[in-house]
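In the part that follows, the structures are each spelled out as structure tokens.
Both of the next two complexes hold subunit A, though its partner changes from subunit B to subunit C.
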Partner chain A sequence: MAVSETFTRLRTSAWLGWQVESNWADPVVFFIYLIARPLAVSLTLAAMYAATRDSATHGAAFAGFYVANAFHAYVNTVVVGMGWVIFEEREESEMLKYVYVSPMGLVTYIGGRSFVRFVLGSISAALMLLVGWFLLGVRWDFALTRPLPLALTIVAGFAATLAAGYVLCGVAMVLTRSAMTVLEGCMLGLYLLCGVIFPVDLMPVWLRPVSYVLPFTWWYECLRRFLLGHGSSAWMSTLTDAQLLGATLAVCAAFSLVAALAYRELDRLARRLGRLDQTTMF
Partner chain B sequence: MSRTLAGEAMLFVRAARARAYVRIVGSFREPNGLLADAVFPNLGMCAFVMMYRALGAPAYYEALAVIGGILTTYWVNVLWGMGAQFYWEKQAGQLQLYFAAPCSRMAILAGMAAGGLLASMLRSLVGVALAVFVFRVQLEPFSPWHLAAVFFATMAALYTLGMIMASLFLLYGREAWHTCNAFMEPAFFLSGLYFPIRTLGAFGAVAAALLPLTLGVDALRQVLLGVRSPGLMPVRWEFAALCGFAVLYFFVARWSLRHLENLSKREGRLTQRWQ
Partner chain C sequence: MSRTPDVQAPAVETRGLERRYPASRGAPEVVALAGVDLRIERGEVFGLLGPNGAGKTTCIKILNTLLFPSGGEARVAGFDVVREAQEVRRRIGLVSGGENSGYGILTVRECLWMFSQFYGVPGAVANPRIDQLLKVVDLADLAHTRINRLSTGQRQRMNFARGFVSDPEILFLDEPTLGMDVNAARMLRDFVLAWVRERAGRTVLLTTHYMAEADQMCDRIAIVDRGRVLACDTPATLRRSVQGGQHVELEVRDGGTDAAALEGAIGVPVAWGAPHPERGTRTLKFRLPEGRVLGQTLRALEERGISVQGVATRETSLEDAFIHIVGRTLDDDAPGGGA
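Coming up: the complex of A and B.
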């Protein structure tokens, strides 16, 4: 009974999320809007690579960066998007407090909204990979792909994505006006710290520990190794497949646990500070 | 009683100054927001620089990505601080006050632009600091006058384009908001912020004819990097084109504001929230 009720609530909030995301435009315009950003990022990376093709000494690494960038669409769309749900509900539609006290509860509501974001992120990622494969020549040898570790990696990455999304929800609840800047900043910060388009070995030594506690750093390295057959980080390449996969699963699990605790604390702090209905923008 | 031309000009300046004041004070009000505002936008630029480093590209590419990254901050401000500002105002129920005020809408937008430009300076200073102290970008000897002329021509063209975008929000709501959102990365690509625009070949020239940011980035790179950065056109042509863009966009913005204001009033959408 409880499971079916939760499922119904998730489905309802997912439907509402879809309406909020898409009902401002007809389907054609919405589709163009949906693909414009990921397509532009793919083309930017391809243009950077094309510009340096004759002079670059490590051009072969580009495919790994491109693939990780495609999967980073989940972080941009789901993680940051979940934070935006809080911001919009509180500041724009001023419904956050009502959702909070509803029988559905905020956690279930955000979970449902995140499903729509997950679908949009999947479309972005798939589109980037397809454009890469068919238009930009970013290809790999499927004989080197290891399906089982890859599948496990993807599941672990999705779990970490959801967990990080809840953390940003908590952050957005506590912050007011500046939440908008912080959310966008987190998107860029994760792009840099997780080594999406470069190996984390290039980061300054004092920043590397931060990179290594973030699950997405490990996720992207696993995706590169299990999909393309090679990673990009020199340090991580010393690990065997089993070690790398084990470390990724452990980091994702630990991060998810810490994220759950962090969300609970941030939720409590937001209530104590009276932030659930504090509008500052509109 | 009709005002004299001098009176109109005085009113314009005072309204612009008042709006700029609000923008500057608003930008500096929240210290954590200010810090985030100054640091975060530069992180994307750092990632692109690192990618060049990872590919083993010559250091010149890092320099051009840094210059592009610094200009990103202004484009973001044009989109969100200018273009989308009327959306915020409409949602706050404040837009109608602008129309009830005796000053021109252009004065309010000019004030927004001036204030936004100053607030964006902080972000770009962080970008410059990163370029000098972290990435050790090597510049060619350049004339500060050339740099200032090209920079301000670029800003004039960009912010007048922002005025045109702002006018769209008089009529539209979320459609325009999402359009602004969708313009971010495509504009980065079309203006070659992180790569030489010549890489795009003829397509790059088309982009330059559409977006002043493309010409601005190209001209600034030519001034700062010298012969290492062969541009689309000679700098003086690009400067002239940027000035032309600024004048053209100014008049288009003026017409667009008047036209869309009338249309919006007729359709009753000027004060419509959540549309």
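Coming up: the complex of A and C.
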């Protein structure tokens, strides 16, 4: 009974998520919006690559960063999007308090809403990989691809994505007007810190530990290693496949655990501060 | 897994409930609730009546698990609102009036259906219930209209229906008819009363600014001010708490006698109303203590040259009781009060 009730609630909030995400425009406009962003990112990366293509190693490096950028769509769409759900529910529809006091609870609700974000993130990632494969020459040798580690990596990465999303939900609950800025800042910070666009080795030494505690740094490195057959970080390249996979799973699990605790505390803090129905009329 | 509720437990019970908003950005600390003790039995329609800043909404927020108290204890259906919030949420519904809330992209019916699913109401129960509620709030014709196309009043009625879609044990109505037109407000008040009557053990906690609404709907009323309960009883008993006597309003033609002189003449405090723009008369209001005869007072006024054109008397109203207990009207803001 409890499982089917939870499933119904998840399905209902996912349905609401789809209405919110897709219903603001007619289907043609929505379709254009859906493909415009990944296409723009692909072309921007291609232009960057073209501007610096004089190095012989750039082909492999570009492929690595391209794949990371493709999967970073999940961070942009799911993680930041989950934080935005709180912000919009409180400020725009003013329904956050009604959802919060319903027996469904915010965790289930946000979980359902994140499902649609996962679908949109998947479409974005798939489109980027397709554009890369057919237009930009970002291809991989299937003989070098390791499906099982790759599948494990993807599952761990999705779990970390969801966990990070809940943390940003908690942050958005506690903050009011500044939540918008913080969410945008997180999106940018993760892009720079997680080795999406350049190797972590190029970061200042004092900043690298921050990169290494973020699960996405490990996730992207694993995706490169197990999909393309090579990574981008010199230090991580010294790890065997098993070590890299083990470290990734451990970091993702630890991060998810910390995220769960952080969400619980942020939820309590929001309730203590009375932020759940506090609109700022920004 | 839901815990078995204690059917003997009162619907709502608070002991020494406190809520303080700490000082911030130059604003002083606000004490919204300063030790509130309430006991609301199952099956009651209970009113919280108080001026702006009295702490009514803060109290509702705590009972709805939206806000932590700073001190004291609050239980809903026997469950602690802090430690057993999930059990509380299974049993409550919340409607806040005066809001423009709603998912604009959904239709009215979709929104109600969605909340029925959030509360785990089976479809076979939810659908006819939604149909009935749409009729009650007079939105049946707009069932398939998007919420962003509704007027504010229509949104409020939809919000009202949403509160009933789960058929909660305990319903919190926070100023539910605020901003509604007279007919809609009356219709909804009647529906709430019928809803409580037809379902044994259902409880409503109502906050309202409207004295008549509280008087008509509530079995008991707690008058709150500055975070404290000043009185709690049935409307009739609260009215009786004002000393006996008659409230008198005279329409008089007067050359400008001041109130103090009149009080000396008739022996009771008086208040002048505004001059009538057409008839050139003014209203003189006073409460005649028990044992005093109105005729003597009228003669005393005429001896002072005041011509009485009309006489009206009325019983003590809840508003009289409220002013007597709180010391001011509902519309007067409380300095430094809470939400």
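The rule we apply is simple: the second predicted complex is superposed on the first by the 275 of 282 C-alpha atoms of A that agree within 3 Å, B and C clash if a C-alpha of one lies under 4 Å from a C-alpha of the other, contacts with A are read in each partner's own complex, and residues count from 1 in each chain.
One rule holds for everything that comes next: a contact is a pair of C-beta atoms (placed from the backbone, for glycine too) under 8 Å apart; a residue touches a chain by one contact, two chains touch by 3 or more.
Note that the coordinates shown come from a computational prediction; the quantities given were computed from them, not determined experimentally.
Overlay on subunit A: subunit B and subunit C fit together in the combined arrangement.
Annotation: apex subunit A, arms to subunit B and subunit C, angle 80° (C-alpha centres, rounded to a multiple of 10). In the superposed model, A:Ala61 lies in contact with subunit B only, and not with subunit C. In the superposed model, A:Thr181 lies in contact with subunit B only, and not with subunit C. Within the superposed three-chain model, A:Phe158 lies out of touch with both subunit B and subunit C [touch as defined at top]. Considering which of subunit B and subunit C touches more of subunit A, the answer is B.
Once the two complexes are overlaid on the shared chain, A:Val99 sits against subunit C while remaining clear of subunit B. After overlaying the two complexes on the shared chain, residue contacts for A:Leu16 are found with subunit C alone; subunit B is out of touch. By the touch criterion defined above, A:Tyr212 lies against neither subunit B nor subunit C after alignment on the C-alpha atoms of chain A. Look at A:Tyr49: by the touch rule set out above, it reaches subunit B but stays clear of subunit C. With both structures placed on the common chain, the touch criterion links A:Trp24 to subunit B and to subunit C. Superposition on the common chain A brings subunit B within a closest Cα-Cα distance of 5 Å of subunit C. Of the residues of subunit A, those at positions 24, 93 touch subunit B in one of the two structures and subunit C in the other. By the touch criterion stated above, subunit A contacts subunit B in their complex at residues 24-25, 29, 32-33, 36-41, 43-45, 47-52, 55-59, 61-62, 65, 92-93, 175, 177-178, 181-182, 184-186, 188-189, 191-192, 196-199, 202-203, 232, 281-282. Residues of subunit A that touch subunit C in their complex: 2, 5, 8-9, 12-13, 15-16, 19-20, 23-24, 93-95, 97-105, 109, 268, 271-272, 274, 276-277.
Across the complex, subunit B meets subunit A through its residues 30, 32-33, 36-37, 39-41, 43-44, 46-48, 50-58, 61, 65, 88, 91-92, 173-175, 178-179, 181-182, 184-186, 188-189, 192-196, 199-200, 273-274.
Subunit C contributes residues 1, 21, 61, 64-68, 86, 89-90, 92, 94, 96, 99-106, 110, 114-115, 117-120, 162, 166 to its touches with subunit A in the complex.
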